[in-house]
Amino acid sequence: MSGAEVPLAYALVGMVVLVRALYALFVRPHLLHKLVAGNLAASGVFLVITYAPDGGPPDPVAQALVLTGIVVSVAVTAYGAALLARLNETSGKPYLEHDHEA
Amino acid sequence: MSGAVASWLLAAPVALPLGAGLIVPLLRRGRSLAALAAGAGVVAAALLLLAVRDPDGAMELAVGGWSPPLGIRWRADLLAITFLLSTAVIALTVALFAALHLPRAEPALAGRLWAPLLFLWSALNALYLSADVFNLYVTLELLTLAAVMLVTLEGERQALDGAMRYLLVALAGSTVYLLGVALLYHATGTLDLTLAAGAVPGAALALMTVGLMAKGALFPLHGWLPPAHAAAPAPGSALLSAVVVKSAFYILLRLWLEAAPDEHAGRMLLAACGTGAVLWGSLLALTQKRLKLLVAYSTVAQLGYLLLVFPLAVGSWSGPAYAGAVWLAVSHGLAKAAMFLAAGTVMHALGHDRIAELRGLAHHAPVTMLTLALAGVTLMGLPPSGGFVAKWLLLSAAFGTGQWFWALVLLAGGLLAAVYTFRVIGAGFGEAALARVPRRAPQWLAFALATAALLAGVVAELPLRQLQEAAP
Amino acid sequence: MTLQGALPLAILGSSLLPGLIIFFLAEPHRRGRTWLNMAGAVIKVLLVAGALLGVYHGATFEVAVPLVPDYPLLLRLDPLALLFVSLSAVLWLLTTVYAVGYLEGSPNRSRFFGFFSLCVSATVGIAMAGNLFTLFFFYEVLTLSTYPLVVHRETEQSLRAGRIYLAYVMTGSAVLLGAVVWLHALAGPFEFAVSGGAVDHLDAEHRPALLAIFLLMVGGFGVKAALVPMHRWLPAAMVAPAPVSALLHAVAVVKAGAFGIARTVYDVFGAELAHDLGGTTVLAAVAGFTIIYGSLRALQQDDLKRRLAYSTVSQLSYIVLGVSLVGPLATIGGLVHLVHQGIMKITLFFAAGNLAETLHLHKVSELDGVGRRMPWTMAAFTVAAFGMMSAPPLAGFVSEWFLGLGALEGDAPWALAVLLASSLLNAAYFLPVVYRGWFRPRRGPWHENLPRHRLETHPWLLLPPVITAGMVIALGLFAASVWSPLTWVRLIAAQEYPL
Amino acid sequence: MGARAVLAVLAIALTGWLAVHLTSTPVAGLGQQVDAHLHASGVASPITAVLLNFRALDTLYEVSVLAVALIATLSLEPTRQPRVPPSPGPLLVWLVPRLTPVMLLLAGYLWWAGSTRPGGAFQAGATIAGLLLLLALKGPDPGLQGRGGHALAMAGPLWFLLVGSATALAGSAFLQYPDAWVKTLILTVEGVLTAAIGVTLALLAGGGRRQA
């Protein structure tokens, strides 16, 4: 988490991860895929946050933000998994209903 | 010393419900008492904030003694106080309703509602007070988790499904928002909106806005709201529809009117989304067969009105437009909470909420019927209601700035609201026995909220004037 | 607060407070409810009498309650306001008496009288409104508080009527609101002008906008004034109980529309500007058409209340016509008809209600010989009917006389023709009723609906129509006296058209 | 499939746009600010200074989020089919008792090191959580699902909140540690947080469920 500067490449990788994950979050029907995708997307953003141009020392605030962000996304993902398990038990399938108005 | 006072007054609305929320799950009995006590404290703090308010400078506090850009600042300007206070009034009434209504109507839920309610409340207050974009991100996550938990309480498939939908959209939304935060930080070297004012890069603004629109169920990202809000227990739905979704609008106000005041093209886009919300939400509300879903779709529509403020708040008309939008948010909050609580009574009294089968309500639950009607008046924006004065101001701004198109949207929305409201009222007439005779006290609480929404149209002059002066 | 300020609020409160209290009275409290109603109604009449005296001697009563920045709730008692206020106050008193008798033992009376009082409060609010904001404010309160009265019987039919009523009136209000706010965006905040218009200072480039606004506003008001083709809700609303129909048709709703049009023409735009814009010409044409159309439709109705409803559609446009013909005499005719039509029409509805309540008679074809069974009721009906045909020396004649003169003065002979034709049509649909009642023999026994009284029906039902019928005669005979509405209206006309 | 293709194209476009934007704007930060005030923060590690002092509010909310996630998970009614009771292999049985003290030591070190170099409550808490899970796998279950475990989980944010409120009541700003106490307070907060985070993560990983 510390040491050398974080080059642009990381940030760009982060971008790709983020967009790809969000894409999966929307198109994948299986809820487990969606949850993992959501978590990955967040990680992508963290890479962007830590982006510090060559030369400059790593920005401690940015790293602190990432640490906080990680904990938050862990919490949300964990809860999401529990919710998914519960939903799977009640409805018998790990997918969302599409006729919610019924 | 005033520093200490500021420290208490600003900390109380966040700390009291947060602390209570952490303790309540550990209590065996007296949960409702603890929750209500904390709530009363928040109301008191909010009232004091209003009382000691200095029109020339908002009360501020550098949390931890570190002021921005290094630290985080709490700031209680008129906008924050207005939202703090209206949220406090609504949340406390909803809590009282829950304490009186749930033990009989849904005993299984009685004890489990308090934790999410308190966390929700704390997160909202934290959100109102903060102008630090990352701090806002964390409060939004706290808010989302508490809100999703509220939705799951009923525990059957529909509730869990709605909750999951909500969670996923919120997850995507907050990720996009966070990316916006990253860009803002890299571009300005600060996370504080007041310091970044005027320098917010367009990309950051766009990303944060999209993220917030997802969290705030703003058209076209509203799809998750109705199933979620309709699935929650009545007090939960009331809070979600009345205040939670408006938190996103609150941040949008700060972003677009205070931090990035010159992004005019984007404002038009927001209002266009608002138009879509008003029309689409109202039309769907018309087609619903269940009362709770109808009320939920009306929320989608009413949120659309709020977005119209962005193109209208320009030049000499920014004052009226701003005051109108804020006042609309407040009165809609009161009315919508009243409506969902009334819907809860209906559920309890009839055992269902199918609109086609509401016969007998007018006779056996007249108070609830009247509550739905009075709340409806605010949704239609007719006098004597807070919705009317707010709409009057927005309409004036629309014609005054020569944007008559938005005026048409406001008027059409009012008519559609009338149609779906009177659809419910009309269904309540006629003689028929109820499954259960609902208790009186909770009904009067909902009635009180609806009446407050009406009073917001009669005693509005002073707050509206002050809001106009405080407009950015 | 000064007396000047207190009086308008007191006039408003004398019906508002009883109404609010009544809502929370349990159904059985018949006595308390009746006392509250009567007390409120009597107090209102007394207050209004005081106001008349004061205004006649040049006092001004006005109060502004802040509501929206720059747009206060402004209540002001000017002569035009008082004309409408007095009408509402007097007829509310009589209708309350009538309603108490009419609803004897029927359910939901607390709800009924609660909204009934709200209706009247809204109406006097409209009458006393000193600016468009206030006028619209009470106009909408009226819309909402009338709905529960229309659907009072809670039958499928009455609910349908309620839906139709809302569909028309709400659309009208949306149009009205848009027009009002648009006008304020052009002219800024303003009050009703004492003489001349409030917006006639606007310069010429706004002319097209002003014409559009004028038409939208009279269109919005026209829905409640039942101008064709926006009149359909009125016959549908006939399903409401008789006291409601009486109040709706004689005073509250329809008059609110006509009154709104009068305010728009005289005190917002000013007769002159309204005329120059060409707005009044359009309005006069619509009114003329409505007069004839209403009468023709009335001819075709066998259901007595529906016949009366279409007659209302027609008669209301007398007022609108008088206003839109622009000129002192026409103004006098139109405004005085606001009062005269109210009293004549309420008499007819009281009488129709009595026939229905006492003998279950709803159709004209069933009325043969009813004059022998219910002479007082039929007498009252006959007087009012002749008044409607504007037979001298009754009230209707006075209105029509001035309207006719106005038509000639504003060289619109076509209007005179319309009025005469309408009188003939009135005769054509009222005379058969009167003839059947008095001169056709009854075949078979009556279907007695109420317990027998010494009188022909319940005294609380009989008294009001007899009184109003007396007024119809008096207003005609003593039209020239100082206290007649006519004198009062001359006062207003003199204000609008200073000579 | 057409829709997906469109989405994919949009995704790629978005990536490009963001990348361009990021590279085009000069990158600012708060590095100097942190260095300038580090001495007053009570800790030597800049990251810890930000987490527990400069932006302590974020961390308070963050651990609250963890607590809410736990409460929310527990409030989803417990499953009908409970987790299968563990059948620990010989390796676990041999390893876990020997590993326990090491991991405790490691957690303690991370906690203490947090004040001077990278590390701190979260890393330490994660270690504790791992340990607890291992114990659960080996059995018998450490039994944290009871009231005691929940109390322990809530203790973290509660203590943090208490400290913050105490400073407010003492007359200084919310969460403003008095200079004399900075280090001690931060360490105690981190200590309680470590335990709480450990328990919370362990419970979350188990879905908060009791074994059969």
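Read from first to last, the chains carry the letters A, B, C and D; within each, the first residue is number 1.
Just so we're on the same page, contacts are C-beta pairs under 8 Å (C-beta built on N, C-alpha and C of every residue); 3 or more make two chains touch, one makes a residue touch a chain.
Model, not experiment: these values are computed from the prediction.
Centrality annotation: B (chain centre taken as mean Cα position, compared with the mean over all protein Cα atoms). Between B-D and A-D, more C-beta contact pairs are found at B-D. Inter-chain spacing, taken between the CA centroids of chain A and chain C, is 68 Å. With centres set at the average Cα position, the gap from chain C to chain D is 73 Å.
For the pair chain B and chain D, the distance between C-alpha centroids works out to 30 Å. Each chain gets one centre point, the mean of its Cα atoms, and the points for chain A and chain D are 17 Å apart. Looking at chain A, one finds that residues 22, 26, 48, 51, 61-62, 65, 68, 72, 75-76, 79, 83, 86 touch two or more other chains.
Among the residues of chain B, those touching two or more other chains are numbered 70, 134, 138, 141, 145, 148, 152, 155, 179, 183, 185-186. Looking at chain D, residues 18, 22, 27, 29-30, 33-34, 54-55, 58, 62, 65, 68-69, 72, 76-77 sit in touch with two or more other chains.
Every pair of chains meeting the contact definition is listed here: A-B, A-D, B-C, B-D. Taken in their complex, chain A has these residues touching chain D: 1-2, 8, 11-12, 15-16, 19-20, 22-23, 26-27, 48, 51-53, 56-65, 67-68, 70-72, 74-76, 78-79, 81-83, 85-86, 89. Residue ranges of chain A in contact with chain B, taken from their complex: 18, 22, 25-26, 31, 34-35, 38, 41-42, 44-45, 48-49, 51, 61-62, 65, 68-69, 72, 75-76, 79-80, 83-84, 86-87, 90-91, 96-97, 100-101.
In the complex of the two chains, the chain D residues touching chain A come out as 4, 7-8, 11-12, 14-15, 18-19, 22-23, 27, 29-31, 33-34, 46-47, 49-51, 54-55, 58-59, 62-63, 65-66, 68-69, 72-73, 76-77, 79-81, 118, 122, 197, 201, 204-205, 207-208. Interface residues of chain C, counted against chain B in their complex, comprise 66-69, 71-72, 108, 111, 133, 136-138, 140-141, 143-144, 147, 151, 154, 159, 162-163, 166, 170-171, 173-174, 177-178, 181-182, 184-185.
Chain B makes touch with chain C in their complex at residues 320, 323, 362-363, 366, 377, 382-384, 388-389, 392-393, 395-396, 398-400, 404, 407-408, 411-412, 414-415, 418, 422, 426, 429-431, 457-458, 460-462, 464-465, 468.
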